[in-house]
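Chain naming follows the written order as A, B, C and D, and within any one chain the residues start at number 1.
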Amino acid sequence: MWNREIKLSIFGESHGNGIGAVLDNLPPGEEIDMEQLLAFLARRAPQNGKAGSTARTEADTPEILSGLLDGRTTGAPLCAIIRNTNTRSGDYGNISSLARPGHADFTGHIRYEGFNDVRGGGHFSGRLTAPLVFAGAVCGQILERRGIYTAVHILSIHGVQDTPFDTVHPDLQAAAEVKRKSFPVLDNRQGERMQVEIERARLGQNSVGGVVECMVTGVPAGIGSPMFEGMENDIASIVFGIPAVRGLEFGTGFAAAKLTGIEHNDGFYSEDGQVKTKTNHHGGILGGITSGMPIHFKVAFKPTASISLEQDTIDYKNNTNQKLVIKGRHDSCIVPRAVPVVEAAANIAVLSQLLQHHKG
Amino acid sequence: MWNREIKLSIFGESHGNGIGAVLDNLPPGEEIDMEQLLAFLARRAPQNGKAGSTARTEADTPEILSGLLDGRTTGAPLCAIIRNTNTRSGDYGNISSLARPGHADFTGHIRYEGFNDVRGGGHFSGRLTAPLVFAGAVCGQILERRGIYTAVHILSIHGVQDTPFDTVHPDLQAAAEVKRKSFPVLDNRQGERMQVEIERARLGQNSVGGVVECMVTGVPAGIGSPMFEGMENDIASIVFGIPAVRGLEFGTGFAAAKLTGIEHNDGFYSEDGQVKTKTNHHGGILGGITSGMPIHFKVAFKPTASISLEQDTIDYKNNTNQKLVIKGRHDSCIVPRAVPVVEAAANIAVLSQLLQHHKG
Amino acid sequence: MWNREIKLSIFGESHGNGIGAVLDNLPPGEEIDMEQLLAFLARRAPQNGKAGSTARTEADTPEILSGLLDGRTTGAPLCAIIRNTNTRSGDYGNISSLARPGHADFTGHIRYEGFNDVRGGGHFSGRLTAPLVFAGAVCGQILERRGIYTAVHILSIHGVQDTPFDTVHPDLQAAAEVKRKSFPVLDNRQGERMQVEIERARLGQNSVGGVVECMVTGVPAGIGSPMFEGMENDIASIVFGIPAVRGLEFGTGFAAAKLTGIEHNDGFYSEDGQVKTKTNHHGGILGGITSGMPIHFKVAFKPTASISLEQDTIDYKNNTNQKLVIKGRHDSCIVPRAVPVVEAAANIAVLSQLLQHHKG
Amino acid sequence: MWNREIKLSIFGESHGNGIGAVLDNLPPGEEIDMEQLLAFLARRAPQNGKAGSTARTEADTPEILSGLLDGRTTGAPLCAIIRNTNTRSGDYGNISSLARPGHADFTGHIRYEGFNDVRGGGHFSGRLTAPLVFAGAVCGQILERRGIYTAVHILSIHGVQDTPFDTVHPDLQAAAEVKRKSFPVLDNRQGERMQVEIERARLGQNSVGGVVECMVTGVPAGIGSPMFEGMENDIASIVFGIPAVRGLEFGTGFAAAKLTGIEHNDGFYSEDGQVKTKTNHHGGILGGITSGMPIHFKVAFKPTASISLEQDTIDYKNNTNQKLVIKGRHDSCIVPRAVPVVEAAANIAVLSQLLQHHKG
């Protein structure tokens, strides 16, 4: 459970009856546009033919059980469920006790004393990001009505770079357009190169990783708190819940470690009564509190753990050394589908912080 | 407040009566060696003459008010306070309403509606890491008694690299030694080069950033949870509470985004009944749960925001554009003093997760 | 959300698509007997012809979406949903903006700014106790396997008293039997008198209240904490979430205020290595921590707020004074159906405390 | 820790270095009048010669370490400590392993595995209510500035009744006056009778219990939430943290169980645009949410557990049956000193709920 001003319970296992989310503490009376919500969810859903995407297709249409009436939030907990329909458990039969490297098979087995549902990754499955995206889509609509907009794109895949966002003078139109693309990059030429990398990995029964960049504009200054309840901490505590995330950096991030103070410090200036900075190395957050500049962070994703090349592993039931070849349907790069998941994470964290400081 | 299995309240302002911490939910009966605890705290304290360190010296001796009897935890909340003694408020008089770039002066002013204590950074001061280190030192002693050991060192300063930890076959003796060094690096030659960088920054009235590397050995497999209650999330939610942190990566981190699956996946093998991996790209955590391999992460610190070069800023009380020259005592690089702070953060998060899963 | 060692999210509105619960942090591998679970739920369900019960009948069969595999908990969040099927909204049409006295219509309207679902009481409906009972039934099975047994009965209705439990030498067989009764009292003669009171109230278009007594046996000594995290606090924080609850007392409760110390103090003695008390005025809890004696508490329920007699009220939309006659189906006494709800509350609180102190 | 919108950590042991509280999440800029605060604390402090009060006297002057500057809250955690000065440990030497009936000696010993500080009751001591009162006094001043006023008095001692509050048309002047009395009752004649009861108990080396009544006026309608996050739940979760509390009832409470619906329901009416009820059986709360009528509740206190009469007990170290005579200084009735503690609990819970719904 994510346990802040907003509470988010995500439940479900990949091959169980269903998955879903309960969002607690949303303000009442917020309009939720279902079409827009489904469009957001569709960006995460696997697509046949889409670069890097698994062949498994699912309706993934959430059913809202509570918390919404006549298109508006009631203020009571909002619960949505998504049925698991297209579940070919057979594919996973032969790996039931061989730990897939890079997966939580072994660690989950120890943690849950052998009782966890291992089919399709169970509660560890990337499929659990669907309710996370649902929650983030709801929060995003509430934020947009307050003039807050979250932009995301693929920043790199296997080292191929997209143009980064301008986080000082953000181009909101470009940010809106990139979301509508089937392959969300600013520079389509680089996007094609990325897709070549993904296709090469797929053909080699291998996989590749990448980085997602996220920027949130329109957040007023003064949202957050120092130390453990800051904006970074809240974003981090969701982002590290996304499967395959290995790193998170705000503003200039790790590169800041190589700079000097005069290079990194963002000078303030006042223009038309608005306080701004000339650069945005600080990523819109100082002391855990927003500065009014766009919030900016990057998230590193490891290459998909499921690959069809032979790997060394153990049978975790009898502790013997084994060889493993994973069959089945897998994304050779999960980064394109991770883009809306990162957006969702940002939306949830930012709305939660906003509500904590300006009720309603 | 850090609000997990262990609850940690850190209070205080830089120039108030005192600072401190309340640690709730520690197991009873744990021996706490005060000498070892003070030695840990001393590693964070500013030292005259130490590279990059402010000239302000303080006793920084914590007084334990509760939760400890005859050298053992009682199980009741453990509270320690540290008096503020050496506070030369005068130095800060002239910047009371000029926002120092890279600091939380402006964001804190908005957040707290002008009522926050701005003297010496107030509640945002790096001085607040002293009670964090206290808490981490207590947790570290409890972990060590369970065979868990946290190793930390400076990995880089302004681009100068130390030898990284071997996170597959950790050298515990080297890890123990590096803590005792006044400048905690594995390769002293590189440490000298780092100190040259720091001194150059100081002479130029500038500052430099760096990276701290942390490794926790001896954590049993199976500690943690998927999604929002994982080991990474808990570590992240403290680490991003340390002032000046800009990035956090686990295992291979951002570099993983450039690898392929077969390069990044860590094959499992069984040896003497113990499950291990041949490499440790996963940083000891899979699906939010420990694998039994060392937990491994890196933390990026920006260059110290307080520099004496002239900077553009605003007066946040009348919103006018101004020039600022910061006087006073400042670290030209906070990374050396951040090393025990990162260790403390790891100790708190790991002990909290451990207690959540194995009471007592 | 109930936010302790166990986390419990209850969602749903009376006339929405469905209601349900998410239980987080259950131990893995616990067997859940579905038949026993349904039998528990049936005790709360409205029954035609049962004294005091509404005529609305529902299947109320929970569908488990996640967290259970092959009859055992997986350790992942357990979610169950119950569809709303038999919803005759028409009955409620005429009271949509007349505040029913004793109900949350007016307070909910202010709290949710007019956006809450008011049909059938919405999220305030007593129907929401069904997922609470589901959660308590699950927890109860986990407790029973550890030798902990929760006994409940109607202690009084409209002043007619049942025999109280013997909380020093509990009669476990009688406690088990009383649950199986359609009208759960120890003394059937008194039960008949209570039913006469209920029937009289029904005929008079009125309603009556009562008291439920609860006792939990087999809880080991040493579970709980002083001050805010005690056993009483946790029980109270759920019990006061049950609609219509007006009071809660532990052990001798309010009557203790009339006693002297020598009358109220329970002397300890040791027998066969077991520490016991000769009386149980303390209700099995001292300083927030269990003593090993049965936990004992009583819960006061007000008379059902929905009555068909004419009442003074306001139209909360235009703030005019009005007369109200409530039509529709209502329990003239909710106490019989509240009995398993109180049991559920006890189960959840006690299991949560137990897991907090003895993991697994 | 009390873990709601406001977070309250209370630490300390009766004979340790000090006790105190950390209050997190107070709004910034709130004026705190220290004189008024000390006057509040003085009402809880033991007084020589005061009916029922222990002879132990302490300065009990809190030192504020953080969170307050120039008489206003800064918004950072507010920490206050109180030194333990007058600690005659000798008195307790002979009972170190004899469990005092009605105390947490035995349960605490099991819970903390023998490591808890038992001197003077340790963390279980009634002395820990001093920081609770401190916190409540701070919250009370913040509430008063918003027109919210908490009234408390002794409702009964050993069966002798004071006049109850009028919770429909509250007499605020009488409520203010009763606080200033050294023996806080509305009817001084009854107060004298109560003091006779206390004195009789003292002479008999015995003790007596009683009931405290609390009313909070001026709380706007619409504050709270249904189920687990309601106003009752929050009040209960603090009230049951006060030592010696055995029962809590809202509005008509347990007596409601003997009423019919038409007797108990409070009809609404509108007057001058204000919604009111003609009676206040509901205690100002419906569905967990305030109605705008005064919040009203009663708290039952057991007779002081420390009595000097001989009692049966065990030595919890060797599990032998023993006789116990408690020496030392004890209140023969804690109810008079509990009055400001109940007020403090109400203040904390109500302010927390208010801030949750109307930030700032």
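Going forward, a residue touches a chain if its C-beta (ideal position, glycine included) is under 8 Å from a C-beta of that chain, and two chains touch if they have at least 3 such contacts.
What you see is a predicted model, and the numbers here were worked out from it, not measured in a lab.
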*Identify the chain pair with more contacting C-beta pairs: A-C or A-B.*
A-B
*Return the chain whose centre of C-alpha atoms lies at maximal distance from the corresponding centre of chain D.*
A
*With chain centres defined as C-alpha means, what is the inter-centre distance between chain A and chain B in Å?*
26
*Interchain centroid distance [CA atoms averaged], chain A/chain C, Å*: 39
*So which bits of chain B are touching at least two other chains?*
1, 3, 10, 76, 111, 123, 226, 357
*chain A partner contacts - residues on chain C that touch it in the complex*: 1, 3, 7, 9-13, 16-20, 22, 24, 28-29, 63-67, 69, 72-79, 81, 111-117, 122-123
_Give the list of chain C residues in touch with chain D in this complex._
1-3, 8, 10, 99, 101-104, 106-108, 110-111, 123-124, 128, 156-159, 201, 204, 206-211, 221-230, 232-233, 236-241, 243, 245-254, 256-270, 273, 275, 277-278, 281-283, 285-291, 300-307, 309, 311-314, 316, 319-321, 357
